[in-house]
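Which chain is which? They are A, B and C, in the order written, and residues in each are numbered from 1.
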């Protein structure tokens, strides 16, 4: 079967700095992949290149068998990719419910397969906010939220786009144990509905619990890719994380 | 010698001189927009303010316009620091630079222009000085001092500021602000204070630029607007934040405008900068020296 | 309230205003009211791009004068052409120029678009000044018919009625945008363009739509100008006053809703007219600039925003 996401030979430079080098990564439909690596190892750059926020310099990205090259970010979102931003970027003058309305109007409805209308949109926004535990703040502005709530909003907004593939970029940083379990359960539910999930996370407990497969980026290269239990024992990974 | 070649040569020479003057007009924006990321579209209005200060000192006190500008430097610096302080409190701190900040400077531009109209009227004003009128005659080429003196003053100012930025401690701090504010804050320097100094400096250049503007041509309050497109065309073409690129761009634009004025008529010259600006933005937004 | 009832309500208000004017039958009142309504249109047009998407257009005079000079051209070619058609043509010309400028600069950071529009105003003025057919720097005369077509009475009444009609259309459009997917897309662009793209918003296309609508309305507002002033030269057609007022009024009134430009235009326009009559016309132009700076510094939400905040 063709993988849902096929990345081959992906490279990205910023001036003289190589952020990503010859990344190969295939993700099967329905898979739960964990992507880890130290700060600055290129995880977010990789997400940015796949989602079209940045243009990659070398290699190719295919999604659902079709190349993504040249597609703008919004076209990729419509095609079924969605991401949360590592540093939350809510729409500041819109209420929480309205924040979720944007991807419903512009990603879900733009796919033209029976979009949602008025009351259905409101109901969907309410449901999504309830899923991340923000139901009672639907009409508040993002500036009333804590940093942690903003991360939940980020995740909800990505989910609102009804993606085939979801990037959860450090949505759990700063959350309590109980909250982490809630989010993991939520991501499991999404995955159960057929959504492929790539979790980028520093909290190893969450990554290990969630991922079927683990890929490790260090200094812009993929140094390991395999079963989580094997990968964390990998000598190179241990060296990268713990130092020599 | 062929008459049209003669015309061409003189057009190029006066374009070069004009370009040197454009560098003085643009350097303030190269600092504020290029280095501090403050889109001070009111700068040409402040340059006109400088022109009228020189005009006032010249006609009432009989002072040399350039000397008047030098004396006015501290006042312009202080005014610039004040404007920055308001800008910082009202916009930069609130993270509302685009809509509010741009409108703020647009309002200042308008207030300056109308204020000058109210005080000095809408008639063209000019200054008297010994170097206005005579020309150096170098064979085929006429070198009008009216253009040559401003060219020299402008070059002195640009080189001086370049040396200040690259050699002095404060200058390097300004360049550091332009590169990376966070790093500077980690070094316990206060970026707001440094930006205030830099903005004050950019404002002070308007005093000099204004004085040489009124030496080159008679001035009325609304001509500042003509310079907005020109100044930003130069800064964008030169690559933001680069003085050398800015000077090259200024001279290029001066020559192109001068040729346009010579061969198509002076009333077409203002359109040149817009064309240059639009083409640069569309084709090469990082400027001629940009990567 | 849906768009249709809203438009009907506006039509009623406009009709009432016009009826009062007819009853008073004072030419001066029509001339003064025309200016205020024209500024409501200009402010609303500016706000569709500036307030809703956050992209600041300084080239108002370019779009406005393009409309005005389109009418001059049409007047010279086909003097009998009805003014509403001239307005449509002026709107199309200005909208196309907006499309071109936007296409070249809207991919970049917002400030570059703003700077390009500033320069656009200068270049359009240069072109008009050099175009002898429309009078060049000398200006052009337009004969204003003495009697208004269709409605009778003074011609200014006809001009006022057309501007009122345009105002109803502009306000209905602005309000419809606010409550539509387009409005949400605009707001997303204003708040965070990158996040908007990631949520599926085709930002460039939406910005172009806003620019075309905004420029088009400005052009339509400018189209009747030659008939209003009867003598149009570049320096009056491109007066910075139009630009400052069109920016100041929404910012003073509040940029977040259609009501802001209306409140701003009525208050500032009224105040200016009052100062022009009582003090001097030089001071009156200063008012908008000073109020603009005061409001963006001290009350960035504008008057409408201040009231909303108090109500919460």
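In the analysis below, a residue touches a chain if its C-beta (ideal position, glycine included) is under 8 Å from a C-beta of that chain, and two chains touch if they have at least 3 such contacts.
Quick caveat: nothing in here was measured; it's all calculated off a predicted structure.
Two chain pairs, B-C and A-C, are weighed by contacting C-beta pairs, with B-C ahead. With chains reduced to the mean position of their C-alpha atoms, the one farthest from subunit A is B. Between subunit A and subunit B the centroid-to-centroid distance comes to 47 Å (mean Cα coordinates, whole Å). Averaging Cα coordinates per chain places subunit B and subunit C 31 Å apart. Averaged C-alpha coordinates give centres for subunit A and subunit C that are 43 Å from one another.
Across the assembly, subunit C contributes no residue that touches 2 or more other chains. Taken in their complex, subunit B has these residues touching subunit C: 39, 41, 86, 90-91, 94, 96, 98-100, 102-104, 106-108, 110-111, 113-115, 117-118, 222, 225-226, 228-229, 232-233, 236, 265, 267-268, 270-271, 273-275, 277-278, 281-282, 285.
Residues 51-53, 72-75, 77-78, 82-83, 85, 89-94, 98, 101-103, 105-110, 157, 160-161 of subunit A are the ones that touch subunit C when the two sit in their complex.
Within the complex formed with subunit A, the residues of subunit C that make contact are 181, 184-185, 187-188, 190-192, 194-204, 256.
Residues 50-51, 54, 56, 58, 101, 104-105, 108, 110-112, 114-116, 118-123, 125-127, 129-130, 137, 240, 243-244, 247-248, 251, 255, 282-283, 285-286, 288-290, 292-293, 296-298, 300 of subunit C touch subunit B in their complex.
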